[in-house]
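For reference, the structure is listed below as structure tokens.
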Amino acid sequence: MTDTRKPGRAAGRSLIALGLFMLLGMVVVTALGPWVAPFNPSATSPDSLAGPSAQHWLGTDSIGRDVLSRLIIGGRTTLLITFVAVAVALAGGVVLGLLSGYVGGLVDQLVMRALDVIFAFPVFLLAIAVVAALGPTVPNLILTIAVVYTPRLARVVRGPVLSVKRWDHVEAARSVGVGEFRIAVRHVLPLVVSPILVETSLVLAQTIFTVTALSFLGLGPPPPDPNWGGMLSEGRQFMELAPLTVIGPACAIVFATLTFIVLANGLRERLDVTGK
Amino acid sequence: MTVHNPAPLLRVQGLTARFGRGAQPVVKGISFQIGAGEAVGFVGESGCGKSVTARALMRLAPEGSSVELGGSVLFQGEELLQLGENAICDIRGRRIAMVFQDPMASLNPVMTVGAQIDDIVRRHTGVGKLAARQRSISLLDQVGIRDAAQRANDYPHQFSGGMRQRVLIAMAVSCAPDLLIADEPTTALDVTVQAQILRLLMRLRHELGMALMLITHDFGVIAGMVERVYVMLDGEIVESGGVDAVFAAPQHSYTRALLDAVPRLHAPGERP
Amino acid sequence: MIRLALTRVAWMVPILLGVSVVAFLLMRALPGDFVQASAGTTELAPEALDTIRRSLGLDRPVWEQYLDWLARVLAGDFGTSFVTQRPVLDELLPRLLVTAELTFFAGLMALLLGAGSGLAAARLRGRVDWLVRTVNGILLAVPNFVFATLVVLLAGLYFPEVGIFNYTPFFTDPLGNIGSMLLPALSLALAVSVTISENTRAAVLEVSSQDFVMVARAKGLLPRTVLRNYLVRNALTPVITVTGLQLASLLGGSILIETIFTIPGMGQHLFESVTTRNYPVIQAIVLVAATIVLLVNVLVDIAYARVDARVRYD
């Protein structure tokens, strides 16, 4: 039995607020990147592996590039890929889920089996394999991530669709002649919105992981574009001499992931969605 | 027919129960008593506090919530509300036992039926596994489960509702308690099975000389089962007396309403 | 019971086929590159490339190539590594065992940490519950490779004498082996332990509110008996299921962890192969990993049905 979550709703609201605040902060800083960053991220200097200073707030890396600037610009690429990829996955997932759930029957079975095949692969493994096959460019990264996360979102959409189809008042509406499309919009969509919002936040958090992990392994956006995962990996070489080269990107990654997790938890509480 | 003994088995005075500090009391200071070997009925609709009362006697609170109890519950001279957790654990199942309402949900799905009787037997008598299992089998037999030895190795889902209730009754009487509380024992069962279960309870009560506290919302269940009855409404006892007297001449309007609600198969004025 | 097992296995077959198709197609995505990669860094004339193509059977229709490849795979022939020219399977098996060990330790740690914290949160409530949930939230935000890198950094800064990177094979030195696996397994386990923790907490809360738990208490059973036989045994089934399903996540993460801690497992092998475009190896690893995940999922399903007598008869 689910416990009444009245205090949860208030907590949910504040979590959502916090998450949105963090998100806004990230987006604004990275969007304004080129104007906010103190240095050109690719600008090398002889002052390598420096500690924090008034000039370089987070120090410099092994070839003298400013860490802070690279974090800000790197954030642009990372977040851009994340948002676009998840948007594509969402579109694909919603379409497939609606289609599969609504039409039902053989189509549903086929679609679900096909998605099961993708589900069978460990997410990260699949991502690596696809990127390895297609080559690590930004569009390919977006495509890979979209493909990998579409099944999850499709499943979340399909569930409510299947149950609503059988509802009495939907049957009643249908018998009176209300068009399928109107039924879909009026009855199905509201049910789907809540779980989709929560799931999308979770997928966003996981995408940050996938993108940064791929670039950590060298399969991310090619240089000279800085990116958080790549920075983390490069920083490893001399990290004992300049820990900030590693701690900087680590914090950025954690912050971004945390933003979406906070959002997801807040939405979950606020919308009273029973967690999986 | 028993009368009020000078030292009744159970004497409850001014019992109150509320969920959480400052909440409205669900049981509002009721007093009653049950003599040794006596059968007493508690009748009332859902929400009147009769189940809470029963659980209060065993100090059982629903998981996750705390119940504040006030008043006095004297059982065999001991004040139950003052006892420590260990002491009350010793009394539960051993001197006071309870049969619950929903047999479908009251058995552990991942343990065999025999094991679930074994564990209460071993808890209170400390005998070994084999001896406990023999006792469990004989108990199952006593409550009317055929092929008891084999059935003891079956899981709850392999039993019907009525059979499960028999198992639960076997568990409850396994240590020959002095007081058996039956909280709506037949409400969740089919009508034909209800009569069987009630007869079983009566038989066991006579065989073991237990006092019986029968809780129900249905006056029809009480008839022929108990000697005295208490009627509860909204956390209070509104009427009490010998069951014949109350049937014949109910004092309180609510009692009258309850009696009217029993479907009659005989002419008015005749008791079933 | 047997029927259930058979249905589950039957369900698995079309998916396995689909998986094999995906694995196959993955490396046929760019046939030009494939041949180039097979030839390595040597510059070859177009006619030579064509000869290679024919010898690899690349001029035949795709479906024929697929069936051919599938037949060989089922016979145990995963092809030859582009880099070392040795059979892929020979190189893969020992590394698979290493990853299996790492994954096993990680799974065990995750189960202990997660189930323990989840149980504590559900039983003790209040501050403990809040603490567990907050820590879980934070842990979830720290990716395993970030954690691993920070751990290596900390070790390097404050414990330079402790050798992080000396992985020793099990049969050479069992204790050293386990010691070298501890930190990697922990890095891998943390994120998974959060999922297990949340599921355990939910399961224990759910079971606690069931009637049969109150009946157990009414029988006068000691609290620890109730906890062990009534609460945990019932809550355990969903928890074990969830743990099994986390295998996919563990396998995926092993790639990163093995690379950071230089552990010669399947994950590191995959990474190396990706860098060298060693397609037969990539193909084999992807296929093996997906198959393992599927198998474990099916086993978990069947095991769940065994433990939970209720489910069996549904």
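As written, the chains take the letters A, B and C, and residue 1 is the first residue of each chain.
The definition used in the following text is that a residue touches a chain if its C-beta (ideal position, glycine included) is under 8 Å from a C-beta of that chain, and two chains touch if they have at least 3 such contacts.
The model shown is predicted, which means the values in this text are computed figures rather than measured ones.
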Overall pattern in which the protein chains touch one another (line/ring/star/complete/other): line
Of all other chains, the one whose Cα centre sits farthest from chain C: B
Rounded Å distance, chain A centre to chain B centre (Cα mean): 56
Inter-centroid spacing, chain C versus chain A (mean Cα positions, whole Å): 22
Rounded Å distance, chain B centre to chain C centre (Cα mean): 52
Sequence positions of chain B contacting 2 or more other chains: 64
Multi-partner residues of chain A (at least 2 other chains): 3
Touching two or more other chains - residues of chain C: 205, 209
Chain B residues touching chain C - in the complex, by the definition given at the top: 58, 60, 62-64, 85, 89-94, 97-98, 100, 102, 105-111, 119-120, 123-124, 155, 157, 168, 171
Of chain C, residues touching chain B in the complex: 125, 205, 208-223, 225, 229-230, 233-234, 237, 307-310, 313
Residue ranges of chain A in contact with chain C within the complex: 1, 3, 113-114, 116-118, 120-126, 128-130, 132-134, 205, 209, 212-213, 216-219, 232, 236, 239-240, 243, 246-247, 250, 253-254, 257-258, 261-262, 265, 275
Residue ranges of chain C in contact with chain A within the complex: 14-16, 18-19, 22-23, 26-27, 29-30, 137-138, 140-143, 145-146, 149-150, 152-153, 156-157, 198, 202, 205-206, 209, 248-249, 251-253, 255-256, 259-260, 270-271, 274-275, 277, 282, 285-286, 289-290, 293-294
